[in-house]
Amino acid sequence: GCLPEREANSNRVKIGVAFPTSGNLAKIGQSCTNGVEIAADLVNEQGIRPKIELVKVDVPDAVAAVHQVNRLILKEEIKVIVGTYSSPISMATSGITERNRVVLWEVAATDPRLTRQGFRYVFRPNPDAVLYGPATVRFLSEVVAPKLGLKKEEMRMALIHEDGDYGEGVAASTREAAKKAGIPIVEEIRYNAKTTNDLSSAILRLKRVQPDIINMVQYDTDAQLFWKQAKQLGLNAKVFIGNGAGQSSDNFGHTFGKAANGVLDTSSAIAVNPEALIPEMRQIEKTFIQRYKQKFGKEPDLIARLAFSSAYILFHDVIPKAGGDNPDKIRQSALSLDQPVGSTLVGWGVKFDKTGQNTRATLSVMQWQDGKLKVIYPENFKKSEPIMIPMSDGSER
Amino acid sequence: MAEILAVQDLTKRFGGLTAVDGVTFTVNAGDILGIIGPNGAGKTTLFNLITGFLRPDRGTVIFRNQPITGWKAHRISRLGLTRTFQITKPFGNLDVRDNVAVAALRSTGSLKEARDVADEVLGFVGLESYRHHETDTLPIGLKKKLELAKALATRPSLLFLDEVMGGLSAEEVRDLIHVLHKIHDAGTTLVVIEHVLPVITELCNRVIVLHHGAMLTQGPSKEVLRHPEVVKAYLGEVHPDAHN
Amino acid sequence: MILLQLLISGILIGGVYALISLGLTLVFGVMRIVNFVHGDLLMIAMYMAYWLFTLFGIDNYTGLLVIIPATAGLGALIYWGVLRFAVRRSHDASILATIGISIVLQNAALILWSADYRSINNELATRSVEWKGLHLSAPLLIAFGVAILVTLLLFAFLNHTYWGKAIRAASMDRYAAILMGVKPQQIFTLSFAIGTALVGIAGALLASVYTVYPTVGAQFLLVSFVVVVLGGLGSLRGAILGGLMVGIVESTSAYFIGSSMKELVYLLLFILILIVRPTGLFGQRLPEVDR
Amino acid sequence: MDVKQEVRKLTPTVRPRIIGYGSVALLTVVLPFLLQSELYYLDTLILALLWASAAGAWNLAGGYGGLLSLGHAAFFGIGAYASSLMYVKLEVSPWIGMAAGAILAGVLGLVTGMVTLRMKGPFFALTTIAITEVLMIVAVNWSDLTNGSKGVNIPYHPGFSNIAFDSKIPYYFLALAICLIPFFIARWLERSRYGYELMAVRDNEAAAQALGIDSVRVKVGILVISSAITAVAGAFYAQYITVIEPYHEFSFAVSVQMVLITMIGGLGTKWGPIFGSLIVTGMDTFLRDVLVGAQGGVQALLYGLMLVLVVLFIPEGLIPWMKRRFRLKNGGVHNG
Amino acid sequence: MLTIEGLYGRYGDVTVLHDISLTVERGSFVSVVGVNGAGKTSLMKSIMGVEIKTHGKIRLEGEDISNWPTHRRVEAGITMVPEGRRLFPYMSVKENLEMGSYPSRSRKYRREGFDFVYSLLPKLKEREKQPAGSLSGGEQQMVALGRALMSRPRLLLLDEPFLGLAPIVVRQIRSLIPKLKNQGITLLMVEQNVASSLGESDWGYVMVNGSLVFEGKADDLLRSRDLHGVYLGV
């Protein structure tokens, strides 16, 4: 690496933005890109220097990622990349960024492997997948069990999850956490989210075991299909709890409206109670939502908030402190970051460990209430009280 | 004369229809055997059964003292029994010469040699001026000649020809009969299906008549063509010698 | 009981597959076009239904009145604009062309309507008919009925009208059909339009079952290819039976073997059937050596 | 042999040819060094060569053999998986993994060939798709072996025996070498007995059989060759991209990529896949360069439009099209 | 009925028909003979307006049809029995025949057409339901003939119609020709068997290398030495 050091205090830095914005993963990739864009807009308007200049690329799969990230690094001479959402894409990207001593600021992927490769320049302000299980289980033990009047060992849980990296990862952590807590898992169903057009057999299996809790790890389309067919086939359980993605997507609410009421969701992507945020953040949240609507003509969804929050930290705190885009300085700056709970938009604060993982990243539990997803747990973030635990059966839903 | 092919009780059914029905005959080395019969009599099907393109329901085929019933077509061809198709089947993406060269490759070492053989054979059947022509747009008569040329290039010891004379003018037929005589003289035994009667009369020393899948009669061509049943089923009322 | 319910679920989803496959088998079997646009036409039809519902409050069943002519028109346009040039030259070219159009449509949808997942939330979407403890999804039941009806109509059209016969004839030997006085471009445009109208019907009906997004077509394309090929190219009853078969195999194997493996079962079955019957269940077979 | 004739043969045609080939060869050798400061374009070139290899391998079966497989991702994936799993799990050099992958894929090609013998056209194509899907499902579900849907992540330990390099230049030459394998096989097919038998079977199987050609051996043979080489390309892909996952490696999109590239370049021509890949990858790169930051989808839309335009204007593919133009320009009134 | 003046025909850049002029009187039977590759089939295709690009005048009953699309020519009453049969292989024999009556002009004669064809070629009645592609070669040729007759043509173009037919069938069909002429059908036939085809026709043309070089009363042509010259390549 004997490229001439660029002027350290230059007034602008180019930041690569690499998400899948076409193809299968486009929905979330687009939201992320939008969130990052607003973060840059806001920071630039605040007059913070260096000014952020985004170079966006579309990385629908790993090959495209390698090619495009190479382009960002080799041609655009970019030193910091914000990305990437999908696990294989992030893994492929991290390999290249690390080799080229470029920072990868991962704002959406949850694959635990990402921060366990011993890389110096990978940072993830978000939680990784292994946190899902414990968070859900804690909520089930602390909140659900008392409401159901059951001991946690008596709560029979069934898992249904897509068989991709995300579903498998979250399900594994849930299985482990449940085992530790003594919650019996009575059924586990895996399916392919990309090709499944019918979940009725899966639902029938769930019906047969009559679990108290149904824990779902699903993407958008299959989550909606599942919910429709569950209703059609009269699947009942006391608690339906999802894990991010499908159940936390705004589309879920759009489709089902009131029929979504009561569905729970453990997720990193949170819209916490503004009361929990420091005043400055409260203001920024408002501006963010307003600007987002203005620019993209719709409400930001949760993943957009998450991307915004993480990018905002980078643009607003890390880069200015590093005084530019020198990766080693950025690393120093990021590692020195210590923002308490409530000081970021998503609420949880930032403190990176040596691997680049944010140790303060936590998950919260939300619930669909009147067409809106509201945080109900943990206590300090919650926006509203849990309802419909246990859920009434299908006929009244 | 040595027996080169023996067909015993060959039978093939398609659904309710018995297309070939217990046909038994032999071919001796040096024969030129004609097979005639009304349309749909089972001639082509018989060829298909013998040359391995269809599996018989019953019966055996023995070629040069070797039972070949149920063998794959290419193995039979390699033994020296080659056939042509009633509907010509050129290799559409190869030119005329290479079509023949493919056939010659079996017996030659290199492509170059095969092309030389092809040129020779093409000259033999009168296609030399079409060597570099594409095959799909060849007029039908020439396609028939090409079909014959391909078969010849495999250097068969027994050659089955399915209506290669159709679509040729009388003069061309005469030329081709001449060619076939030469092939025959060079040691190839011929079995010929033909509706063009002069071919049968001028070429074949023996004729088999099929009707409804079964053998109606067989014998020297002159006799067979006078056979009243043959006249009735195949020729129509008038005597064949009158004309075509 | 559970078996019965599985069977019913299988039959219903099979009906969906059949419905989607009808247009494909027409275009694929009759015109010998391997139509990769098929899934995307389904997507377009679903979007049409969605927008009719969202913007004008027209439910997707009434929406058929608009969607059928619109998709037929789109099909005619695609044929006239591109495919007719491809078909004339070679069938390989039609693969290229349809993949190209497919990419264009998917990304046009992405640009126009973003990657959001959208679905119609009408009353019927989550309804089911309950009968002696068995649940029959209402929208699927309707789709199934329509599939049967459309098949019968199409069958009658292809086998008992001159136009239908001309379509079949032109697909087998275009040159000969022209000699019979058939106007081939008109006939091909017609059959492509019918094919897309059929997938339009499917899209409209399925809009209340499935979420629509730009790449939704891919989810159905493979399975409808499987159905069409399994049934035998161009065979309508093949499409129906193939659809049912895949549906039933899918639902039972998902239950007994596992949802993740259900495709494995039907794909292996598919391969096996083709090994035994290389032209599909109802595919017509002509002698390999013609004369 | 007539010496004069030999000489005559050599002088007018061969010399310009040698010069032509020579300069192309020289260019390919110096090109990566010229591009050392433009590493991104070198990267583009490597990807182009990678897809040219896969497409070239496909072309052997699809173009020369008429076996229009839409499931070559199966072999590609096997190559990628074999080399990377052996490397990651058993610490076997990917060179050996590459060979193992080729053998495995060859065996699968053999099985595929046997199974699909009697299938024609779409039936064959769909069966190959089905086989790929089956492999994908197996790869996703047999997670003990394959890491399931997580895929395999190849750690970066530069070194020749690991097929991992600091510089892009070795990757370039490796890709080039792999790309030349199908090229030379194609060249051989065009002038060998086996090649002619293959083309004969492709054009008319029954007629070929009648001439004593064992169509089973010929067809299955080319499928084995083609799948083994596809696997080599797949193994290179895994080493270069360093991440593989079942949903991509066994995807329809990968199969289609090979088909499209070949068709654009020219089916059944030895240069077709190479030119096709240069065009497709070049176009892709160009569009992304021009459309930096544009909304996702615009680039893909233009790519789709390009395919459509190709069909409208040069449906037979680039190489045959150029040949035709060239012949006509040279006043070659080919006689009827 | 049909007059052709100064017709050229080409495939791509290759011109295969040169300055053809020809007349077919209504109700007559005209033959064209010539060696393989002379361009006889190409002439037929030109009259139908398929596959070949033409330049020159083709008139049907005085009307210039040279720019008409094929289907219009078919509607006007020209039907061809194509070289190589060109059946619809997956359709049954009956459906193939039915396609013959596709022109709107002919649909009303469908019933009669079937009766006529089946009485002429009873074998086809037997095989009514069989897919045409599985028939024997000769049987297929019969279907091709029958299909053409189904359209009730005014001008029937026959391109080697007897190829692969058994002598008895050829004889039957030949004996039918006067009857067809009586019905007002005009026939233009290409056949390899010069003697028999010229023998029965009213007028004959000889084609060499894409040009019509002789014409005359068929009997005269048969006797002329020129004809033999053509065939013997003198």
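Letters are used for the chains, namely A, B, C, D and E, taken in the order the chains are written, and counting of residues starts over at 1 for each.
Throughout what follows, a contact is a pair of C-beta atoms (placed from the backbone, for glycine too) under 8 Å apart; a residue touches a chain by one contact, two chains touch by 3 or more.
Worth saying up front: this structure is predicted, and the values here are computed from it rather than measured.
Novice: How many links in the shortest chain of touching chains run from chain B to chain D?
Specialist: When the steps are counted carefully, the minimum from chain B to chain D is 1.
Novice: Taking each chain's centre as the mean of its CA atoms, which one is most distant from chain D?
Specialist: Most remote chain from chain D, centroid-wise, comes out as E.
Novice: Averaging over Cα atoms per chain, report the distance between chain A and chain C in Å.
Specialist: Chain centres of chain A and chain C, defined by C-alpha means, are spaced 36 Å apart.
Novice: Where the CA atoms of chain A average out and where those of chain B average out, how many Å apart are those spots?
Specialist: 75
Novice: Centroid of chain C to centroid of chain D, CA atoms only: how many Å?
Specialist: 32
Novice: Please tell me the distance, in whole Å, between the geometric centres of chain C and chain E computed from their C-alpha atoms.
Specialist: 42
Novice: Mind pulling the residue numbers of chain D that touch at least two other chains?
Specialist: Where chain D meets two or more other chains at a single residue, that happens at 137, 140-141, 206, 295-297, 300, 336.
Novice: Would you pick out the residues of chain C that each touch at least 2 other chains?
Specialist: Touching at least two other chains: 107, 110, 115, 214, 218, 222, 260, 263, 287-291.
Novice: For chain E, what residues touch not just one other chain but two or more?
Specialist: 11, 134, 136-137
Novice: Over in the complex, which chain A residues touch chain D? Could you list them?
Specialist: Chain A reaches chain D through residues 20-23, 26, 29-30, 33, 54-58, 60-63, 66-68, 70-71, 74-75, 87-88, 91-92, 95, 98-99, 111, 113, 117, 163-165, 167-169, 192, 194.
Novice: Note which residues of chain D are touching chain C in the complex, please.
Specialist: Result: residues 68, 115-116, 118-120, 122-123, 125-127, 129-131, 133-134, 137-138, 140-141, 206, 252, 256, 259-260, 263-264, 267, 295-298, 300-301, 303-308, 310-312, 315-316 of chain D touch chain C.
Novice: What does chain E use to touch chain B in their complex?
Specialist: 11, 33, 35-37, 41, 83-84, 123, 134-139, 141-142, 160, 163-169, 171-172, 192-196, 231-232
Novice: In the complex formed with chain A, which residues of chain C make contact?
Specialist: Interface residues on the chain C side: 2, 5-6, 9, 13, 16-17, 107, 110, 114-119, 121, 125-128, 130, 135, 137-138, 209-211, 213-216, 218-220, 222-223, 247, 250-252, 254-255, 258-260, 262-263.
Novice: Which residues of chain C touch chain E in the complex?
Specialist: 162, 165-166, 168-169, 172-173, 175-183, 284, 286-287, 290-291
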